[in-house]
Amino acid sequence: MINDITPYLILSAALFCIGLYGLLARRSLIGILIATELILNAANINFLTFSRFMDVDKAVGQIFTLFVIALAAAEVAVGLSIVLVVYRNFNTINVEKMDHLKG
Amino acid sequence: MNLPILSIILLAPLLAMALILFVKEENSRLIKSIALIGSGISFLGSIYLVLAYDYHSAEFRWVEQWFEVPGWGIQFILGVDGLSIPLVLLTSIIIFSGVLVSQNLKFRVKEFFALLLLLVAGAYGVLLVLDLFFFFLFYELAVIPMFLLVNIWGTGNKTYAANKLTLYLLAGSGLVLFGFFILYFVSGLNTFNLKDMLELASFSPGMQKGLFILFLIGFGTLSATWPFHTWSPDGYASAPTAASMLHAAVLKTLGAYGILRVAVALFPEGAHYWQWLMLSFGVINILYAALCVIVQKDLKYIVGYSCVSHMGIVMLGIGTLTQAGLNGAMFQMFSHGIMTALLFASVGYIYEAKKTRNLDDLKGLFKEMPKASTFFILAGLTCLGLPGLSGFVAEFLVIYATFSVSYVFGSLALLGLVLSAIYILRILKSSFWGVPSDKSTAPVGVDHNWKTALPQYILFSFLLLLGICPMILIQFISQTSIVLLRGY
Amino acid sequence: MSHLALLNISVFSNFVAFLLITFFLKKKEQRFLAAKVAITLSGLGALVSCVLLFQRFHLDIALTASVTWLKWNTGELLIGYYLDKVSLMMLTTVCVISFMVQMYSFWYMKDDAGIRRYYGTITFFSWAMIFFVVSIDLFGSYIFWELLGLASYLLIGFWHEKPEPRRAAIKAFIMTRFGDLGLLAAVILLLVKLKTVAIPVLITAAGTLLSPQEVFWIVVLLFLGVMGKSAQFPLHSWLPDAMEGPTPVSALIHSATMVAAGVYLLVRLFPLIAFSESAMTYILCIGALTSLIAAVMALTEKDMKRILAYSTVSQLGFMVMAIGAGAWQGGFFHLLTHAFFKSMLFLLAGYFIHMAHHSNDIFSMAKVSYGTKSKLMVALLWVGSLALCGLFPLSGFLSKETIFGSLMEGHHYGVYGVALLISFLTAYYTTRMAFIVSRNGEVVDAQENSLPLYMKISVSFLGLMTLIGFWIFLPALTEFFHLHSEWHAEQWVNFFITTIGVVLAIGVSYFYFGRKQATSEKGWVSFIPGLSGLIENKFFVDHFWKWVVDKGVYRFSRMSFWTDVHIINVIVDQVGLTAIRCGKKAAALQMGQVQQYIITAVVVSLFVVIYLIFGK
Amino acid sequence: MWFYSVETFLVLASLFFFSWSLRKEVHLTLFHKLVGWAGFLVLLSALFSFDFRGVFFQEVYVMDGFSQLMKVILVLGYFITLFLAQEVKDVDGKHQPEFYLFLTTSTLGMVVLVSAKDLITLYTALELASYSLYLLIPMRSNGKGSAEASIKYILIGIAASGIMVYGFSLLFGLTQTTYLNEIAAQLPLLYQMPIFWVAFFFSLAGFFFKLSFFPFHAWTPDVYEAGNTQVIGFISTVSKIAGLSVLIRFMLLAGETAHVLDDVWVAIAIATMTIGNLSALIQKDLKRLLAYSSIAQAGYLLVGVLCISEKGISGAIYYAAAYLVMNLTAFFIISQLSKNGNNVPTSAVKGLFKRSPLLALTLLISFFALAGIPPLAGFTGKWFIFSAAVNSGYNVLALVAIFNSIISLYYYLMVVKDAYSDEGIEAGGLEPIRLKPAYQIYCYLSIAVLVVTGFFPHLFMSLTKQSIAVFF
């Protein structure tokens, strides 16, 4: 079971779908940021699985995961600062309220 | 000394325009004189062309090539032959008299003359250039200034008219653009050079039929063929005099010139296949527009519709695909251009004097301003096809050619002559003869002095000259029409 | 001086006058000088044409001089002269009459402000007519045919202040223009078939080259042009209305020159027309019909100029009928004689109207006494009227006799009977007019009747021509017009029948109008039921044309403008508006919800991926 | 060689701006002069490094003709933005240095993106560029509008990059390599596997977002409307061209095998153009109108790229360069029109010819160029792209593109009409706009560039042809 690749792929695909669902369904901005984190981690799992099971240079998968983790951190930092700006202006983080720009 | 005469004709208006942009708005006299000099230079250039062209050979003369874009088959190459020289002369006559007519313009003189010169530079470009890329570049360049001219100096619901005019013509030119690309791809010569295509290219019959109809509709919109003509009356009614003079006289002819130069020259089978369509377009144009004129109440609409009707004669002439027909069509292009310019100039003059163009409240103009109305009457008589004036020669040649092709179309075209007589005489009856209405707003002494009448004298002298001895123009064209028809 | 130079002078003298008047003598006070210049130059033209006549009449070869006007690969058009016997005689008649009329109109138009414009147009007209007469090419004649139409339009509408002349002018132009289409079509068909329309070629070779079918159609189309210009049956209603113009204009245009142009063209192209029998009969019927209808309409007319107009239409119909029956020499001879006495009658009408304070009504003329009426004018009136009836010594008799003679020889007895009826009616209404106008009324007004000498000369010269002019030239004309120098039995029979008819008509009209106590106005017409009603509304021809124009032209133009505005424009605008409507919808997609954007993005990506998986 | 390269100069510039941002109070006028010169120095380095060639860091980072040319175009855009953003009115004083810092880092990211040949560098460069842009939007001090725009921008950005990374991971799994050229080499045998399409299309999501193609275009109007004018100018041109260059690089690498995706590309191109043009017809706000017009322009660029022929791609590069100049000039005009940085309705353009004839002429030239009217560069670019499309057989696509550009004429011409007509404005209503001498020079330069490259395209075309010659 452990040496087979498919469960890992299924896990990462499931994680990806949950993240996507969270991104589209959650009302609060924080929830959406968390969901994006899930998507990125799903990608990480994929990278690690492939580097583990495929006859590929092990380092490449792991390096890619490290980059993704680092950039995810930066992403959250930027995301949260913008959520702060939004909260100060709209004093709500309900994403449906922010629809003044349309048409 | 072979000085590059064609580039001088093309660059004179452009340089004049550039110069005008740097002149301050206040000294309008300087602006007007620059415009006059610019158009004057190209006028002299075109006269030189006319005198120096030996009409026995039909291939392109004074060919100049400036630069080329490698790999894309584009090159800036200028050249003229029997077909384009008369039209270059026509353009310079019209711009010269157009500039003269708008000498007393007060409102935003700088932009007006800049746009007018840009428009005429576009027209020159189309006539002189032999490369499809630059042909299209100047073809659209000749349409765009009209948008601003109508919007800023126009009258009536000018925004609607300007939008309709520009978008309609550019939609037509969109078809032409698509046609050029297909032409480039199908001709296999990997070049946009029209000169090489005319000599070397050969197309399959099916492709010829498709491309011919594409160019016919594309160029037809500009030369106001029947279903695509509605932009021209509205556009000209709202446009200022000089702009509508230039547009009606020169740009409409560019449409017909495009059909001749590109469609008829390259696609013989296509032309034969669609001949019936061209003939019916021509006849419908003549009759339909002439009928529309009869119920018009606004002078400029009348001239606009009569212009559409006369372009029908050109289309009919081209449709016959005989030498007489093509001669007649090219002759009509020239004479129609000058006649419409004269009509618009006189209507413009009457409008400035009487501040109204409605037939009902224009009464007894002949009594009030005899000289101005004589010019309108003389132009009306040309439009009527009176022998001794150039309109008749073109109509005769075209109707003769149509009769030699099919009696039905010929007799229908004949009816057009009566209709044009009816609407012209109705205008003369209702607003020129008779006693001036008491509420005549015009101050006394409004009639032309020789300075304001100079453009009209120039225009009418050409009409009369060509009416009396048409061989001057026909010899130019007959050689080229033989070459154009070599594939038939 | 070579004959060609003489011909150039006679043709272009009027044109020079026209140029001088329009471009050089522009100032107000020069208007009488302009008139004098016009008269002297047209006099010179008339003199030169007479000299030309004497020098060339006996020659048989024709003078031709032409230049290529327009040439292309399948055709050629010439402009130039072709002077044979027929055109020579016509040239002289036109030149002389136009000179006389211009001289007369100096008196008639003296106090009119637009005299300069009048003389400019009338000289232009004379030039166009003269050049038409001698032009070598049918195309050249078409060009001057149209210029005649324009000049007549300008002259009919001369007093354009009043609305009636404007309407009459436009009616005249449109009707003749409609007719000209026929001529243009004929010219084009000939050009298509024969590559040239030079008259010498048409007369000699055309018949053989064309099939009878084609000749028939070409002649019918040609005749449509003639019907327009020479006011034949359906297109004749413009001529009576054309009387709105000044009387000397009617004297020149609507009696001698323009209306005669159509008949002259038929005479000119008779060798071509003779090739198709059916066309000849067609021409015959139209001519007879026109003649009859016009004669009937003139019976009860009160306006003197309209009587003369109807009589012109009737006489033209008579000539066309004669040509239709093959007697083209008689028709042409009648054309020449008719030109002289009819223009004289019109000039006299001008005098009587002028004398009766500008009222055209013959009964008001009747009231004026001999004190004011000049005896000479009344005498000339009688000379002209009797010539019109065709009584013995006058020129009218000579030409009518030739026509009746050739009809008799050609055994066209039916046509002979109709001709007799027409000449009876003509004699009746002409003498009716003469009797009424020449009554010695009791009104004497102070206006002295000292007519200037040149006016008297011009009118009496025409009178002389009708009285003895043609007798002098008779020996020269006999062989051309196949007149019989000595008369045999049929000629005497023919003479008696026609003269009895005319005398009978004169007697009837004397009974109704000539006697002192005669008071009736309509004569025997009032006895025939319905006829006067029919005459009142001119045989419904005008109503027909009104219906055609209103129902045809105006309805179609309203319809086409309606389609233009409501169908084509609407479609064009809708195309624009649909673009804008789609724009509104496309912009509405942006609801502002961020998650909505992402959902659409993800869903579309899924669709694409699914398409790629299963599509490829 | 590395010292003079664009990348180093950009890093130096960002360090320079970063040092300025640490200061307590910022002496603005002096600072703004330095900004101009910094931009100019970076441009010089780009021009200087135009003919650098080489592969670095184990073939991860390549400098070939194509990348150096695109770097020049990107840095040109960066320089113009800095040059025109000398007095940014709607960003308060103390944030000014950060404003330019993030602009520089974003350009650095894009420059690296252009040379990247490996998924990791691609991803990091893309994120660097995007995050600096996410931070620039909220800097504008107009409250609700910029906040909402920034959150929208970042949410869609993050979503797109998340999907992209997932795509990359699948791609990595399928091809066991992260080098683009090796992936491209294995493409033919990957087509049979359905999972490949999921991987491929997901990994394109990030670039669709950058280029604002059809599925990922929805953020553009809102962000353009609320963002600061200079930044939006930068985003609409430089970041779009960066995305385009990655797409071009991938097309060049894939070569003929990429034609299998043709009908998808055609559908996306038509959708992008039509939606962009149609929605722009009824826009009332000038920046929102330009947003939709930039979506439509992206559609035209895609038409050029999807032909995957030498003509098509060199035409697309030519049109991208022309588009950069046109759009930056248009946004410059909007920034001059708006009083204190707030938005400009289309009616505000009325009577511009009276307020400043030069600005009106620049507006006319730039909007006519955007509409594709001869003799300007826009028209010549469209000519190249459409003729390439017809050459590669996409006749229907070319016809749709031609009629789209005719539809687009309407809203461009209406703006120009308002600029040149003065009905409905009472006499005194127009106060003249005074342009700084530097801006006047810019106006003359942009007009000259658009007209000259329009009429004489061969000057620039020979450059583009060499740069992509190596791939055909």
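By written order: A, B, C and D. Residues from 1 in each chain.
In this section, a contact is a pair of C-beta atoms (placed from the backbone, for glycine too) under 8 Å apart; a residue touches a chain by one contact, two chains touch by 3 or more.
Here the structure is a predicted model, which means the values were calculated and not measured.
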item	value
Chain closest to the middle, measuring from C-alpha centroids that were averaged per chain	B
Chain of greatest Cα-centre distance to chain B	A
Chain pair, C-D or A-D, that carries the greater number of C-beta contacts	A-D
Chain C and chain D, separation of their C-alpha mean positions in angstrom	78
Whole-Å gap between the CA centroids of chain A and chain D	27
Distance between the centres, which are taken as Cα means, of chain D and chain B, whole angstrom	42
Separation of mean Cα positions, chain C and chain A [Å, integer]	99
Of all residues in chain C, the ones touching two or more other chains	576, 587, 590, 592, 594-595, 598, 602
Chain A residues counted as touching two or more neighbouring chains	23, 95, 98-102
Contacts with 2+ other chains: residues of chain B	163, 167
Touch-based graph of the chains, sorted into line, ring, star, complete or other	other
List of chain C residues in touch with chain D within their complex	576, 579-580, 582-587, 589-590, 592, 594-598, 600-602, 604-605, 608-609, 611-613, 616
Contact set on chain C toward chain B in their complex	68-75, 139, 142-144, 146-147, 150, 153, 157, 160-161, 163, 166-167, 169-170, 173-174, 177-178, 181, 184-185, 188-189, 191-192, 553-554, 556-561, 564, 568-569, 572, 576
Footprint of chain A on chain C - complex, ascending	587-588, 590-595, 598-599, 602
Residues of chain A that touch chain D when the two form their complex	12, 16, 19, 23, 29, 32-33, 36, 39-40, 42-44, 46-47, 49-50, 54-56, 60-61, 63-64, 67-68, 71, 74-75, 78-79, 81-83, 85-86, 88-90, 95, 98-102
Touching residues (chain side chain D, partner chain A) in the complex	119-120, 123-124, 127, 131, 134-135, 138, 143-145, 147-152, 154-155, 158-159, 161-163, 165-166, 168-170, 172-173, 176-178, 221-222, 225-226
